[in-house]
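Labels A, B, C and D are assigned to the chains in the order they are written; within every chain, residues are numbered from 1.
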Amino acid sequence: MPESASTQALDTFPRLLIHHAQVRGSRTAMREKDLGIWQSWTWQAVAEEVRALACGLAEMGFQRGENLAIVGDNRPRMYMMMTAVQCLGGVPLPLYQDAVASEMLFVLLDAEVRFVFVEDQEQVDKILEIQEQLPCLEHVLYDDPRGMRHYTLPFIHDIRELLAMGRIHDRNHPDLLVSEVARGGPDDVSVMLYTSGTTGKPKGVRLTHHAFISAARGGAEFDRLTADEDILSYLPMAWVGDHLFSFAQAMVTGFTINCPESAETVMTDLREIGPTYYFAPPRVFENLLTQVMIRMEDASLLKQKMFHSFMAVARRSGAEILDGQPVSLADRLLYALGSVFVYGPLKNVLGMSRIRVAYTAGAAIGPDLFRFYRSIGINLKQLYGQTETCAYVCLQPDGEIKFDSVGKPAPGVEVKIADNGEILVRGPMLLKEYYKRPDATAEAINADGYFMTGDAGLFDDDGHLKIIDRAKDVGKLANGAMYAPNYLENKLKFFQYIKEAVVFGDRRQMVCAFINIDVGAVGNWAERRGIAYSGYTDLAGKEEVYGLIQESIEQVNAELVGEGTLADSQIHRFLILHKELDPDDDELTRTRKVRRNFVAEKYAVLIDALYAGRSRQFIETAVKFEDGRQGKVAADLLIRDVKTFGLAGRDA
Amino acid sequence: MSRQIGEVILDLKNVSLSFGGVKALTDISFDVREHEIRAIIGPNGAGKSSMLNVINGVYRPQQGDIILRGRRFSRMNPYEAAKAGISRTFQNIALFKGMNVIDNLMTGRNLKIRSNLIQQAFWWGPARREELAHRAKVEEVIDFLEIQHIRKTPVGRLPYGLQKRVDLGRALAMEPSILLLDEPMAGMNVEEKQDMCRFILDVNDQFGTTIVLIEHDMAVVMDISDRVVVLDYGKKIGDGAPDEVRANPEVITAYLGASH
Amino acid sequence: MGFFLETLIGGLMAGMLYSLVALGFVLIFKASGVFNFAQGAMVLFAALAMARFAVWIPDWLGIGNPALANTLAFLAAGALMFVVAWLIERLVLRHLVNQEGATLLMATLGIAYVLEGVGTSLFGSDIYKIDVGMPKEPVMILEGSFEGGLLINKEDFVAALIAAVLVGLLALFFQKTATGRALRAVADDHQAAQSIGIPLNRIWVIVWCVAGVVALVAGVIWGSKLGVQFSLATVALRGLPVVILGGLTSIPGAIIGGLIIGVGEKLSEVYLGPMIGGGIEIWFAYQLALVFLLFRPQGLFGEKIIDRV
Amino acid sequence: MLYRENGQFKTSYAADQQIFPIAQDRWAIVGLLLFAFVGIPLLVDEYLLRAILIPFLILSLAALGVNILVGFCGQITLGAGAFMAVGAYAAYNFHIRIEGLPLLLSFLLGGLTAAAVGIFFGIPSLRVRGLYLAVATLAAQFFTDWVFLRVPWFTDNASSGSVSVSNLQVLGWQIATPVDKYLFCLGWLVVFALLAKNMTRSAIGRQWMAIRDMDVAAEVIGIRPLFAKLSAFAVSSFFVGTAGTLWGFIHLSSWEPAAFSVDRSFQLLFMVIIGGLGSIMGSFFGAAFIVILPIALNQFLPAFGGLFGVTISTAGVSHAELIVFGALIIFFLIKEPHGIARLWSTAKEKLRLWPFPH
């Protein structure tokens, strides 16, 4: 890359790349497991290839400011293409590689894409499927030539052609790229990411170099990331999280990104690389944990005993030791022993031995799950952010980890809570605009430059932000206190015995709840106690089960007391539904989200019973069985009062 | 399709084979053209496998000639065949159970090894360089057959379908010009069969490899092969493009006869 | 000339004994595909038992009559061999079904060690005599036809006779009796035999019992010739080339092979030996076998092996 | 449990194909060698060296050779002892007949002679398999037994082939004390073990294993059985032969053909069976096992018998030894055909997967 460019400030990604190519040119920038070994690219090599790509694009008439769609698994060349596009002042637009053609159609049209860079034959076929409907589409470039021999269509090119073309072009116009990079500025858009809006069409979020660089830099300083980190890049490139961790932060700090060989081999590749910096959504951690437990099942009794006893030790003191809090000497010794026999090896087989910092985000993570990883000595933390904020709003500082908060506002970010409880953020990392949607942009960013996250939350006494709900779902109790149903429901659902919960309370005196028990967990519990039952309905009706659930709810209440304005949301009465909420009965969405209003109507009688203070209520409901037959479930439901805390007088 | 069928490269003339009086093949003649996919079909015991075994010299026919690229072999032997660029897979997989996938494929590179025993014993310059170079080649095959995840698994532990794939892999590692496939899809489920078909076509298409295959599954054969030979009780009863063969009454009866 | 004939006959007689040992091999190999290296150990074991029982039993029962004592001892030893056979099938063969020849061979090596160990620790490891009253003194025959006639060792003669009889009996047993036919069936094809309801395990026990008896007889004869001592175990090694020569699966092969080797050894010993230092019987037999291997791997009478793909 | 493999990723085939790809293993082996070369000479007394360690080293070498033939190439041999004998006597002849021939050289020449003989007796393997081959190798055994017993020329007219050597020097190093002998054998073994490993992990090794696992398929992919088998015989005999020279020159320093009898052949075969067919490691395990077992029995059996008031004579012990050997062979063939080496590698796998069972 052009030397002269490096004299400019490091405020765009191309300039950062040039910088790394100079200061750590021979260090590894990217690895990809391919043909059995980890093929590596030095920063120098990356710079060279990016240059060739960029020149090739220029040769093909790629214009400053236009969008180039990128579709495929995490591959080095895909990341390089992003920078190449940025060099020419274009906007890379990564798409979800698993989207079907029709889903891509909207985005490709909306972004008026002329150039698409795809990974392989599979993606090319998708594009060809919708090609007629894409008037602007001019060029399809592919990375993996496998099976492409017979794609003779003139607008389909092997990326190698582009590279070759680029090298020639570069020889003829050696200073083109220098000037192009020079023309670019920090406030240019560096990437466009589409958000799958819960309502309406997806919106293209336009984020600037400045935004992503400051977000990346902030995070990197916050966690003292160095150029020696290794990260495994396996999450969709179209996801803001991957773009921040695998692209922006790598570019800022100069650490190495590692691309797995294939979807099947991620676990092995993870073990081999042993990343020092790791990012995954909660479900990944959850699956890992389940696997651990399942695999331990088959272990010899002795081993299991050892495992569980040491895990008990970890639960007791692991997290504290990690946070450097005082722990009894005995426990310290036990823990040391444990790390030899269990935690160490376990981390090794999970590929987490070398992790310094691990983050999770994107959804609420269960306290037990979270605690498990921390207790075996993995510094797992939560962060909070959206696509619109470069996934950068709040971070959990080392040593101040709370299971139910997302940490403190990150460096350079202002966070405030609107009086309707909505979280507002301001800072350099905000989006520039929604693509071609000034209306949406205006809606999202208020007069004094705050972005409205649409999430409701509150700060606890230590200044940690706690996300409680989607702002639009937040209501008020009759006494005006904030009422956040999803928050309560999540709290309930973290108990293994509770599968689903629906709470009511908006504009009401008190909060009441429907509960769905988890047949598996409660079933085991019942068997252990020798309680016979014939099925869900029967089990759900048992006094003992009510007792069990009641305990859980009271625990929730106890927690709520400590949570300021939410104290009023303590659950006063509950019942256990006689049937499981079911998508087939339209009670849940296909993604298993509760349809609150539908449920409210369907079970109006029960709600009345709850608030009328009755202690039993008969109900009969129609159900669809798997085979589509209609049927009826009838039951005479118990209703229980629950102990509430602190605030006297309102106990039912 | 970009590939075009070329000249005859393998020509069998009046081949007869018998085991201690039992006639396995009687006076069979057919040819194989370059780049084509040539199928040999026939009911059980029709002598299909024997045919392949004659082609690459595992069995020695009592009469008949094998003419390979104009060179005449009255009795081929496996080593000669291999050197002449013929490789094959086996009906009842004949992998090297004691080795993992990589090593099995590496054996396929054997003919291309130049270094000698001493050099290998000392893991010395040429030997070492060769090992690495051939490993790279083998990895390409692994990639081609999409068996990365079992690279280092001992073949004994693999499920049947994958073993078949490795068997093919070993044959491919030889970079053959003629590939003999002995019931490549026997005992596979539908989707395994589809994969295998894809691989066979890809091989033929990308490397221009000539393919002679034996297969039970008529549907598959008719789909992928350019020309078909039909054997029955060691005699040739049909030869030609799939459609002709399908129409051939003798063939039909043979199959009906075989299928009760 | 006379001398030549003498050596020839001597060889034939020795050969008869080889055939006997070889027969042990062939029986077991036919029926269970096992190449029984323990045959020699069995001979030793049987001989030891015989020798000791012949001494102990009279003491216990206070029998004076040597003939009776010997008979009883022989029966006892026979019974013991049956037990051994049964144990071998139970503890070893059963667990090694369908293993390749080499594995089984090594297993029988193990058996051989165990037998030798047990035998010697049960019966002691000194040299014992077996006296079944075989005539010792040599006889002259055919004095008419040559001057000097032929000097024949009677003992050898008797021994050869017994061997011949036993061989004949076994041949009959194989051809005529139901069990014999079952045995042949098994030998030809295990699976098939099993499918038509021939109980493999029982067959094996039987074969090993028969082999045990053969071993016993061989043991008695050799024992009374050379005395019972550890070296008896090596007669197996003597028998080996015989079966290679005769073919592992053929009873006549074993017999003819035995004779050829016997004669070959004697002649070579007498005519070649002096030239190159003597003591060449053993390896001569083996080289003979080796040459055979190269030109006719399946032996004189064995079936040809075709390996199909 | 002890393994921490995260971050040990391979960026080149060279790194991926090294003998010990896992760092922890590399450290372990380095430590082991240090101990063997430095620690043991300091700690161990003469008896231990003479009675256990030196025999162990030499027999390991022989076992390596046998394993190459039996374990890797699947050609069974009952004549290993013969090749030890050939090695020893050949080296002896070079030693005494050629003035001033360096000892190392005569050792190697001994090995080469053994290799030549090995090739000769391996020829039948081209026609026959399994037990037939065993017979052929036995032929070698008996033939050599006889030759060195009866043909005076080979033994420099020594009566009944008993010969002896004295004041051995290697590159000016006087090999006199047990420690010298131990170190010499150790060094020799390390080098040869490395050679063996290299062969088994490169083309030639794969040829052997291919022949072993599926000879028809091997031929079809262009492996010449002739070359594969004979090379296995040659290399194997070379190893065994040199082991023979060490056994004669270094360990016994005066010996007769009986030192390499058929029993030795069986012993070596047992080593590879018990130790692990087709495993370099296994050869060492097997050798160690078979060297130590008798001594252990000698130590413990009498004591053990004592517990029950039974007195076990030395004869009794040697009988017991036979029984135990035989039983072990059978046990391993039935229960663990891949011998101790397999147990070892499963244990290792378990450690790597710890705390998971699989």
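Following the convention adopted for this analysis, a contact is a pair of C-beta atoms (placed from the backbone, for glycine too) under 8 Å apart; a residue touches a chain by one contact, two chains touch by 3 or more.
Predicted model only: the values in this text are computed from it and were never measured.
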Suppose you hop from chain A to any chain it touches, then on again the same way; how many hops at least until you reach chain D? 1
State the pair of chains with the top count of C-beta pairs in contact. C-D
Compute the centre of every chain as the mean of its C-alpha atoms, then state which one is farthest from the centre of chain C. A
CA centroid of chain B to CA centroid of chain D, Å: 41
Measuring from the mean C-alpha position of chain A to the mean C-alpha position of chain B, what distance in angstrom results? 49
So how far apart, in whole Å, are chain C and chain D when each is placed at the average of its C-alpha atoms? 33
Could you pull out the residues of chain B that touch at least 2 other chains? 58, 90, 94, 135-136
Pull out every residue in chain D that's touching 2 or more other chains. 12-13, 16, 216
Give me the residue numbers in chain C that touch at least two other chains, ranges are fine. 309
Per the touch rule, the chain D residues reaching chain B in their complex are 12-14, 16-17, 195, 198-199, 202-207, 209-210, 212-214, 216-224, 231, 235, 278
Which residues of chain A touch chain B once you look at their complex with the stated criterion? 34-37, 146-147, 149-150, 261-262, 264-265, 268
In the complex, chain D residues that touch chain A: 1, 3-13, 15-16, 353-358
Of all residues in chain B, which touch chain A in the complex? 1-2, 102, 135-136, 139-140, 142-144, 148-149, 151, 202, 205-206
Could you please specify the touching residues of chain C with respect to chain D in the complex? 35, 91-92, 95-96, 99-103, 105-107, 109-118, 120-121, 125, 237, 240-241, 244, 276-280, 282-283, 286-287, 289-290, 293-294, 297, 307, 309
